[in-house]
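As written, the chains take the letters A, B, C and D, and residue 1 is the first residue of each chain.
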């Protein structure tokens, strides 16, 4: 199986790189994906509201933040029907292809037997639980994300996007985490799979708002994921050089991003120090005790308050102060442990100073590990891909990712999911103004992913 | 009016000085007072349980602490009937004399008119509210305290009690606050009043357990105070030299002495840091926030935790920790404000760390000011006393005193109370191992107090 | 001595009320004062930089805040020479009149003898310390303030300035503390003194930026105060009705307004929680311990942090956070005690979390009591003023005032100062949108002040 | 190779079980070991001071605690020469046997080749670094510990030691962690090795004071360990049943047990709240911030304060308070990170409240993992031992152990060390009053250990 398109992949990546849009504002990006999908030709394209569970979205910016991006997209010529379907922060696309089997028979062993699965893997026999008789092949999904960061891209000559003319046109925003590459890989994989002898259903989920953990849950619940039996998610880089592939990442941190508002009562600090309810003291007590939430014997937890603002004047007892923070855990349970403890601290700190407190979840994501069986399948195919010189079975994430919402749902439905890392040389770290990818990694990514999709189909057929 | 007895006063003071006993353990002291009262001859002697409201006692030590003092008193020859009446921490004496009028007529103006009372004084006309027709004279009270401190008295030659052979025989205990002088003054005043032409009832309240704020409430509620119309309390020294008299002290601090026990749950700090409920963290949060209770615009408040103990081992989450502390206020209301705030802090700190907390009051005393009218009467008589060279109308206490329980009750009943200070030169501060009084101040004190008692009687008669 | 000008006083007050300007931006107000002084005719007018010690100013806003007010004044027609002299936040005026004696002799006793001065008064013999031979009369000063508050004035019909057309034209700013009345009184007193047989020098200090404690120090050090022997300051209202005069206020709170910036180092809270230096934890520790600074036995202290802001994002260790707060004390020493303790807390809290901290004083004012002798003089003259029905010798301030800088300097030079309160009925409290004065109090104020100035002169003459 | 002695092993274990002694007080235990060694016959016996680096001991109790144990041992008939060598807390024994080779030749491959060592293992070629020419065989060490816990042993009939008459005779102390079994295994292994064809030097280290982490460092530096090339340490149970052997434990927690004393200055809390230096506030701030020391991205850390005591009275600013606590880390570096952070917190908290602070290390132990090569050797031999039904290559410790001092030193010298776990059924957990071992595990332990020692010798010979 071959796919050509190095030029196309690079061109695509560069075109998306040039117009970065933040989470829930990816109007032009959505339109660009749709245009490319129409060029490729797919069986179904779900755009925006069609692709998402609207009320499961998180961290949606307010209307004033979204509007200029919509206007900018309109000015850039985005079709009205797409603007209509994505308006009010409903970006994202799901593309579907379905292919009939060319060869009705096979003799390869079943996935579950060939690969020496880790004991911790459950779902190894999920296939038998489904009515596989009626299907010609499996339903395989690929999830890529598509939003950018609020970061001003470098304009130095040594920064290739600047030198070669595809630097961000949206000042203050930048594809500094490689999601431009992910989109290109998603499209490239779709085209490769379409051109292959893949039998079954293949869906690519172009998920918005990953950077703010806002889109994963909405896409996981949007309906299109419900029959997916194998799910791959992909990320480039993360300190791995071009040629390295990690077959399945593990231990992404479960995360919850939250705000906490303390409300007391103001009073004159000089003449009535005893009259108010001091939100400043409540916050201080909350912060001190929150960081002191006990470590957990089951593994790593995190807590942080990174922003604070409130009060009115030096001589007034502070009436309202808002903290912005996050909690994380090596497992979802550990994150929930931290949440429970934190809430007790917050309510007690408020009560201690006669204040009220309101914690609000802005966004979150669970911790889900890659399935060992699917990880092994990816390992095997990756070893055969040109340009891949190191296949690592698994590595720790050390960060959070809301692809876990999709992985969790597939797993709950009895399917398998793996989060694949495609190495890419980069001059500087992710999330820096001079981040760039090695575009050679695009084709490697497409090859690994499309081969893996194809392998799912082949193994699936073996069952019959 | 003359009284002799300098020798007796000094002898009495020294005999009490030699056998100091702590609060609720003043068995020998009680017996010594009773013996002297019997020598003087009084109309009624109420001892221990007869003089106190037993269940209003506070800070009573446990049986094991009291027993050795009882045994020591028994060995020293204290009569069994007195040991019986004082057992289980019921020390103290009330002595009563009643005297008929010698001269049925008078022409002096009534107290309320003669003295230019301060506007803040209420109760100026309390006399008219009582059925004074049926009385020949007023009921006047004098309160003195009688307990000692746990302090080892100096044995240096420069310390007069050591040099002259009346140093404490009870090692580790010492009359280092002058209560030995108070007892002697109480007895001396009783004798002087008895020998004078005082008309009415005069009661001397020998109150136990002042140092631990334990006896005032019990004596205030013991019954003998109920008909007292004028109450004097007395203290020596407090940085005032011999010859100075302060007619009425004000602003004693309302005080509550308490213990606070936090109870959590232990767990192994290494293998299960998240499993327990950490009383150590709860205590730390409580202490930090307690000291930060807002200042009050109405006046001074105080808070302190002076003792702490708890936990089991370095590697165990602390299960139980007890704090010992106190709160004070310039007024009783300010002390209560602090209590309310403190309790909120304590319960919230416990809740914050999943612990329970139990605050317990050990002892307390309200804040009561001397009545301006009675203060003025004391000023007037003091100016005529030999050896008095400075009469200060009023001064601030800066400390707490449970005589306020008696003063408060007299005031509630419509009477007047004043807390009189009799200056005394002392080589070092109260509550130091070398504290001593100038014994010349004993006679000054007896003169001021007995003249004041007599003046109450004279003014009272003027009404008729 | 008579002065007419009720109409003028009211008209003046209303014209200043209509154009309120905040501290260091009183360009139009300065010009209005100068115009009136020119109308009255005085010996010297010092404007802006001439009247102030420029580098002693505090809390001066940045250029961007000042500029629009300067432009607004220019548009309103303020003369360029005044704009030049006041530019860059140098508002304020000092007016001087000097009058020769009409009658070279007198027989009244000297001030220091006639008035029974309180023991705490120092400077009672200041007159003899000066070379009074060469002077025909004393140098008397009057200090009034002139800035407004950032508060939107009520536009309800029941609010007289709205009903009668002199409501603030500067939206969001309002003379809600009576400084408009103070200016009018200052001008009225000047005119009245000029028309009287006052002998000596009389200076009126129109001080900017009182509300932010920014102007007092600069005016105290501007030179014009150096030879002032008697200083009066004035305030209307403060809960006293029309007809009441307080001759000399005492115990203004010493105050220091400050900002505190903690600087740490950011790091990713998820992947490198140990790598940064957490300004959020440093702040929490600082706040908790600052409020817990021990109460002081010498009197009242205050501490407050009323504003906080800092940090960047929920998942980043906070790098920089700034607190805005204040400390106060019943005496300057108590305020300094609190500052010393606070600084120790701040530096230790920073050190504890590996951060730096920078406390900055924004503005401050000492605590200075009115001099009893001058207070008594004011009492005496006030009792003879029409409309005055209650003269209170002294009352507690309960707030802070930077007139204390001027009072302190006069006192240091051997002079006497008193802070006079002129009662005024007001529908609502100071610093509320419906605050208003009873304009009848304007004339009362002018009479009390001008009579007091005249009395200073008369007593002064008696010495010779 | 066979060894008999089931009866002896059980008898030995029971005799030691009956006389439990706490750390640094194992006088009778030392004597019992010496007696048994003399029975067995060994080449060298180092007792107490001969076996230890005296000044490297930690957590040595004071003389008053040690003396009664010494007396008790004397009364029980312990020889004076042993009491002399162990006095002042110098318990412990090292026994040495040296055996010449029987068979000078061999053909087995070298250890380093035969076992497929883990990449993380260093020291695989340590043998070549030593002058192996001059040695007939390796120097192998076995470390067992010998102290008991302060715990009252159950006297219920269901508790076998009670039922069968070998319950603790030292009330309040108990071998509740299996060190009695370790001693017996140490002696049994020595005898078994002596009777085998082992060639080389074999040393058994009977280490005192393990429970308080006090003896490991002193024994590691006592000299006898310096030439040890293979070191085994052993523990029974830890939740593993009889028949299970863990060949090499990993990740013991590095630990430091410490006390922290804050010293301030006392003052009267009512009259001089500002005068002292409040150790209570310093402690509260220290505790709050210590628990809030940031989690570390490299792994687990722990901190705990489990005991607190200090202050004098409720109305006195606390002058001195002592905390008892511990820090731990998944690695020694993580423990040191925590120590560095903790010290900064402690000194800053003291400074914040004008106090001094003195942290003191009571005892500690590093984290050292078992060497993979030696672990593999143990695995291999364990699989061949009767009664062993499950050999686990490695497991996590989850607790601390000062055998790591010995392991660390051997590793630093180029040797290999492994910490072997011998499963034993036990009715209840370690450190409970009804803990007991399955005595069948004694022989299993001896077999595994002696076979491993022998294997070291055999592999060693293969090199030549």
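Everything that follows uses one rule, which is that a residue touches a chain if its C-beta (ideal position, glycine included) is under 8 Å from a C-beta of that chain, and two chains touch if they have at least 3 such contacts.
Just so we're on the same page, UniProt names per chain: A, B, C, D = Indole-3-acetyl-L-aspartic acid hydrolase.
Since the model is a prediction, treat every value here as computed from it, not as a measurement.
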Longest centre-to-centre distance from chain A, chain (CA-based): B
Selected pair, greater C-beta contact count between B-D and B-C: B-D
Centre-to-centre distance between chain D and chain B (centres being mean Cα positions), rounded to whole Å: 59
Inter-chain centre distance, chain B versus chain C - centres from mean C-alpha coordinates, in Å: 48
Multi-partner residues of chain C (each touching 2 or more other chains): 271, 273, 278, 281, 285, 288-289, 291-292, 294-295, 297, 302, 398
Parts of chain A lying in touch with chain D, wherever the complex brings them together: 288-289, 291-292, 294-295, 297, 300-302, 398
Residue ranges of chain D touching chain C (in the complex, touch as defined): 271-275, 278, 281, 285, 288-289, 292, 294-297, 337, 344-345, 347-349, 351-354
List of chain B residues in touch with chain D within their complex: 253, 255, 257-258, 269-271, 273, 278, 280-281, 283-285, 287-288, 291, 302, 304-318, 321, 324-326, 328, 362, 398-400
